[in-house]
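After this come two complexes, each holding chain A, first together with chain B and then together with chain C.
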Partner chain A sequence: MAKEYAVDFPELEPLGDDMFLNAERRCPVILLLDTSASMADNIDAVNDGLQLLRNDLMQDSLASQRVEIALMTFGPVRLIQDFVTVDRWLPPRLYASGGTPMGAALETALQQIQIRKRAYREAGISYYRPWIWLVTDGAPTDKWHPAAERVQTEVLRGGIEMFTIGTDNADTSILSAISRPRPPVRLREAKYREMFVWLSQSLKPVSRAEFGASLDLPEPVGWGDIQA
Partner chain B sequence: MIPSLFGSGVLLAGDRTEYRLGKKIAEGGEGIVYRVEGRDDIVAKIYREFDFTREAKLRGMVARATKRLHRVSAWPLSPLQGPDSKTVGFIMQRLESWQPLHSVYQVKHRLDNYPNRTWAFLVRASRNLAVCVHDLHEADLVLGDVNESNVLVDDRAMVKIIDADSFQIEIDSRLYPCKVGKSELLPPELLGASFKDTRRTQEHDRFSLAILIFQTLVFGRHPFAGRPKKDEELPLEACIQKGYYAYTQQRDVPLGPPPNIDIKFLPEDIRDLFERAFGSDSARRPSANEWFSALKGLEDQLKSCPENSSHKHWMGTGKCPWCEMEERGSFPVFRSSVDIAELPEQSDQLWKEVQDARQNLPLPDQFERPKYQDFQPAELSGPEKFFGKTATRSPIWFWAIFLPMQAVLRGQSPLAASILVLVVLALIPYAFFQARNQLRRRKLLKADAALQKMWLQYGADQSVQTLNRRYEELRDMHEVLNGFDEYVQQARKKALETKYRPQLESFLRKYSLLAADIGPYGREKLSALYDSGYKTAADIGDDKLKFAGGQSSEIRQALMNWRTTLESQFWATSAYSLTASEERQLLNKMRKQALTFRKALQEGPEELRRLSEEAEERRQRLLASSKAYEDELQQWGPSVLAYERMGRR
Partner chain C sequence: MSSGLDWTFAWAVEAGKGKTEAQDACLATTLPNGAVAVAAADGAGSTVHGGVGARIACEVFGRSAGELLELATDDEIRSRSRAFLADTLAEISAVAAEADRPISDFATTFVGVVADESRVVTVQIGDGAAVAGLSDGLALIAKPMATEFVNVTRFLTDKDAEDRLVVEVFLQAANRICAFTDGLQPLIVDERTQEPHAPFFERVFSVLVGASEEPFDERASAWLSKMLSGDPVQKRTDDDTSIVVARRLP
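On to the complex of A and B.
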C-alpha cells in the first residue's frame, strides 16, 4: 500500500502520570473523521459537535475519567490528537481538505489502538473494548478491502466496536462491509451535532450499571437512519 | 430510553402529603433524581419506565424502615404516585453534597478537590462502608448492585448507600430481585448470568465490597487489573472470572501489580482478607463485619510520617510507604504538608537604617571633575581684544595688504608704501598673541586630559561602584523579605515547571499542529508549518517560532495562544505538585536565603559606611593628586576660554 499517510507521534507514551493519577478503567474511542475537501461546508458542525461531545460527557464525572478520545482525520491520514481522557480534553479544531483514503485511515486507527492498549497494560489499567467511530461523506479513494478485512477480524474477535456513519454520498455497501454485523447509519442533513450528543449518551453507560457485556445502544433517533 | 413523563413542576402524591418536583439533580440508568420544591431535606427519584412490581416493593420497604436502615442508606421514605395512581417513583433523604466513592479514591480527583485528605480518611471511609453493608445484611437484604457510584461519602468519611430501591428484598415471602449489576464488581459466579433468574446472595455482595475496599485503600486500583506478565490482552471480566487477583501471593496468575504499587503497606491480616475475598472459595469471602474489625484494627496502628504529616500510614512498614511511592513515581500521592517556615520578619526597620546610613554618607557622586568649560572667561586687555577681534575678520587684512600693495606696485604713492609697512608691522603683535594662546591652550588640554583620566580611574574603582551597587542589592533584599510569600511561590512555580516539563511536553505532543485552533487563518498555513517540522503543540514556543520564517506575527501570536490554552488545560489540576521532600528542600533554600538577606541588611549600615570611607579615602587621594592639574586649569582656562569665545563671535 502506498505510504501516503504519516503518523508523526511517538510510538509509546512515557509511562506515568495519567494512569497513576487516574486508575479508572478506560474506554478508548477513536473518532475517524473524513475531512476531505467535500466536507468544507460541514466542518463547523463537526467542530461544534466535538465541543458538545466533551461538554456532555463532562456532566458525568466517572465517564469523563474513563472515556479517552483520540482524533484521526483522513485526507491525508493524520493522528490529529492522541488519546486524552475527557476530563483533560480540549477538542481541537478541524479543517477540511484532501482526498478520502479510508483504507489507510482504518489501518492506522487499528495500529493506534494497539499502541494505546499496550500502554494501558504497561500501567496495569484495565479497559473496555475500544471504539472506532468512522464518519465519511464519500467513497474511499484507496484500496480499502485489506483494511476492511482486518477490521472484520478484530470485530469478530471482540477486539473493537466498529461504527460507521455515512452521509448521502457515502457508499453504504462499503461501510457495511467494514462495520458488519453492526449496520452503518446514514446521517441526516448534516446533523453532526446531534450525532455527537448521541455518541456521548452511548458512552455514558461506562459509568453505570450494565446489564451485560453486550452493548445495548439506543436508536439514532433524530440524526440518522440505520441502513439494514 | 423513554423519557419519563414526569418532570420538574409536576405534583405527585406521597403517602401523607403531595410533593412538587423541582430541579433535576442527576440521572441514573433507571431513574432521574429531582429536588422537591420547598424541601431541603429530601429528593425524589422518578423512574424512566413503569414497572408494576415497584409499588409493592416500595411499600414493603417503607414499612420495614428502621433507624439503622435510614442511617446507612437512602431508604425510601414514601412512594410517589402519578395522577392515575401508578407508582412512578419515591421520596428519599437528600444527599447532594455527598460524593461518590470513586471521587474519593481516584488520586487526581482527591488531590484536586480534597487536598487535605489523608490515607486515614480512606481507611475510615472503607470501615464505614463495611458498617453500611453489615447493617443492610443484618436486615436480611442483599445490595446486589454495589458499585463506586452508589456509595456516597461525606466530608467526615461517613458513608451511605443510594439506589436502595434496587436492593434485593423479601417482603411477605415474596422475593423482589435486584435486576442490575456492574460487571467489573460482580463475582465470577454471576458474570454472564441473567439477573432475572438469579437469586443474589450476601456472598455476592461480599465480593463487590472487597473490590470497593481495595480500590479505596489502593489508590483506585482494581484488584483484578494488573500488568500482564506476557504482552497479552486480559480483559477485566475474564480476569475476575478466572480469579486472576493481580496481587495474590498464594497463586500463580498471569498478571502482576501495576508499576509502583506494592500493597505491603497493608497489614497482613488485611492482605489476607483480600486473598480470601478474591480466592476461588466463595464461602470464605470475608463478611462485612470482619472487614469492619480489621479496618478498625488498622486505624489503631496508623502513624504520621515525620517527613510529612499528611502521610498517615500503617506503622508496620519500615519506611513511610507514601514517601517511597512519591520518590519512585515522582508524583505526590498526598498533599505535602510541610510546616511552612515562619515567614521572615518584616525588614522595614532594618531597611530604614540602611537608608539613613546612606543619606548621611558623603556620596561620591556629589563632587565632579572640574571642567574649564565651566569657568568664567577672562577679561582681555585692550590690544589683545583689538588684535584678536580683527584677526577673526580676515577680509580686512586682505584688503589692508592688497590695496596698498597694488598702489605700490603701480608706483603710485609713497603714502601707500608707508601704509603697507604699518600694516605689516601690526601683524607682529597679532602673531604674538595667537602663538601665546596656542601655547596656553595646549597646556590646558594636557592638564584636562590628565584629570579626565584620573577621574575615569576613580570612577571605575570598586569602592565607589560597590557602594552604589550594594545599596541597590540591599534594597532588593528588603523587597524580597517583605514579599517573601510571593517570592517562595514564584520559586515553587519554577520548580514545578522544571519537574513536570516531560509530562507537559508529552501532553502537548498529543495535539497536532494541523488542528490548532488559530481562528480564521486556515489550514494552508498550518500545513506549511507542519511540513517544515512543527508537528505538535510541543514544537511551538516563542523562541522556536522565531525561526519559522515567513509567518506573520498574527499567526505566531495565535499559535502561542493555542499553546498557552493547552498548557493551562494541563496545569488545571493540583495533582502536579511538589513532594514533601522537594517542598522542604525548596523552603530550606528560601529560608537560608532569607537569613542571609537579613544578616546583610543588619550589617548594611556598617558596610555602607565602610565602603563610603574607602570611597572617601580614594577621593582624597584623587583630589590631592589632581591638585596640580586643577591649578593649571585655573591658570589657563579663563584666557583660553576668552579666546574661544572671541573666535566664535
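On to the complex of A and C.
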C-alpha cells in the first residue's frame, strides 16, 4: 500500500545539468612505436591498428574525453602527435625507415610526461597514472641502459605504467629490463590490429574506475603471450 | 510537523555502468542524545570483495560512532577512531579467513561523520568526502585524500592505514550532513577550490522534508536513486556512486 505524505514531495524532473560540475580528468598515454626500416612489412597493420584504437575509444564518450594520446615514433625519435584527447585525435599515416633508437625514445617519452603533468597541474586538472606503450620489432641501436634505469625509477616510485610489446625478433631481455616487474608481451603473427583493440578495451575502464595500487588488466588473449 | 524525530536521512547506491553490483556501501543511524552518524565507503574496484569490506566498515562505524561523542578531548576521539579502525579490520579479517582470502581483497575507502548539537567528528581514509550544512553555509568537512594520480587511493586495509586515518573535530552544530564516495565526488565538489557545489547540495538536502515517521526516508532514498541513475550523473561518471544525506528536523 502506498504511503501518504503530508507534504508535497519535490519531483525529480527537471534535474538540471547545473546541479553538477564537469570533472576534468585525463588519462595520458604515450604510444611509443618502432617505425624502423624493418617494420616496413607491418607498417600498414600498425596504421590500421591506430585507426581501430581511435574508433574504438570514440565509442565510449567518457574515454574519448579523458584518454589523451601522444604518438611518438622511433627512429629517428619523432613526436608525431603531442597529447590530445581522443575526440580530437586523427592518427596520421606512419612510414618505416631508419634505426631503432629506443633509449632516446624512452628519454623523450619521460620528458613529455613531465611536461604534460605540469600542464595538468597548472590547469587544475586531475590525472591518472600515465601509460607508456612501447612496441618494437628489434633491438635498440642506441645506448638504452640509462633510459631503462630512468624508466625503472619512475615505475618503482609508481609514477608510470610501462608496457613493452615485442615481435619475434625483439630482444625480450631488454624489454623485460625496461618494463619489470610487468613482463613484456610477445606479439603473435603481427596482430597489431588486435593489440590496439585490446589497448582500447583496457583503457576504457582505466579512465574511470578506481584501481588502487595496481592495474588488473585482462590477459592479452588473441594477440600476445606474456613472457614470464 | 512534530514526528518527534531529531533527524531524518536517506541514502542510495548505484552500480557503475556495465556492472551488476556496486561495491559501495552507505549507512545512517540515529544515536542517543539527538546525535546522528552517517558513513559511505567505496570497495576497491580491483578486488572481488571490496563491497563486503565497505559494508562492514559502515556497520562497525554505525555501532561505535556514538562513543566518539562521549569523549571529552580530541586525543581521546582520535584514539577511539583508531580503535574503530582496528575493530573494522578484525571483522574483515574474520570474514577473510572464512573465505580463505587475504584482507586486501576487501579493500575499501571510508568516510564517516558523527554529529550532535555542538560537535561534528569526521573519520576518513582514502577517497570520498563529506559536506556539512552549518548555520552560515556549506563546508567540506572531510576532504578527498590527496594523491598525485586519480586512480590511486588509500584503503582501510592498507598496512599503514592507521597512519593514514584522518580524524577531524569541529566545534559546530551541523543541521545537514552529506557523505559520498569517489564516483560522485568530482561532480559535486570543485577539485580546484575544494568548494561544495551549492546547487547540488541545496537540492539534495531539500528532498529531506521529514515526511516519514521513521528516520529513514524511503521516498527520499528513491529520489536519490533516480538522481544517481539519471542522465546528468551517468554521462559524467561510469564509477559506482553512493550518497547518504541527513537533516536535523526543527
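Going forward, the second predicted complex is superposed on the first by the 197 of 228 C-alpha atoms of A that agree within 3 Å, B and C clash if a C-alpha of one lies under 4 Å from a C-alpha of the other, contacts with A are read in each partner's own complex, and residues count from 1 in each chain.
Methods note: contacts are C-beta pairs under 8 Å (C-beta built on N, C-alpha and C of every residue); 3 or more make two chains touch, one makes a residue touch a chain.
Quantities reported herein were computed from a predicted structural model and do not represent experimental measurements.
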item: Partner chain in contact with A:95 - chain B first, chain C second, else both or neither; value: first
item: Larger contact residue set on chain A - chain B or chain C; value: B
item: Touched partner set for A:118, first chain B, second chain C, both or neither; value: first
item: First, second, both or neither for A:218, with chain B first and chain C second; value: first
item: Touching partner for A:65 - first (chain B), second (chain C), both, neither; value: first
item: Residues on chain A lying within both footprints (that of chain B and that of chain C); value: 9-10, 15-17, 19-25, 61-62, 124, 126-127, 159, 205, 208-213
item: Contact footprint of chain B on chain A as seen in their complex; value: 8-10, 13-17, 19-25, 61-62, 65, 71, 73, 78-84, 88, 90, 92-97, 117-118, 121-127, 159, 205, 207-213, 218
item: Chain C - residues contacting chain A, complex; value: 1, 16, 42, 44-47, 107, 127, 148-153, 155, 182, 186-192, 197, 199-200, 203, 206-207, 209, 211-212, 218-219, 223, 226-227, 230, 232-233, 235-239
item: Chain B to chain A touching residues, read off their complex; value: 1, 28-30, 100, 102-103, 106-109, 111, 145, 147-149, 180-184, 192, 195, 219-222, 224-228, 231, 233, 235-237, 239, 246, 255, 257-261, 329, 331, 502-503, 506-507, 509-512, 514-518, 522-523, 526-527, 535-536, 565-566, 569-570, 572-573, 575-576
item: Contact set on chain A toward chain C in their complex; value: 3, 5-7, 9-10, 12, 15-25, 61-62, 124, 126-129, 158-159, 205-206, 208-216
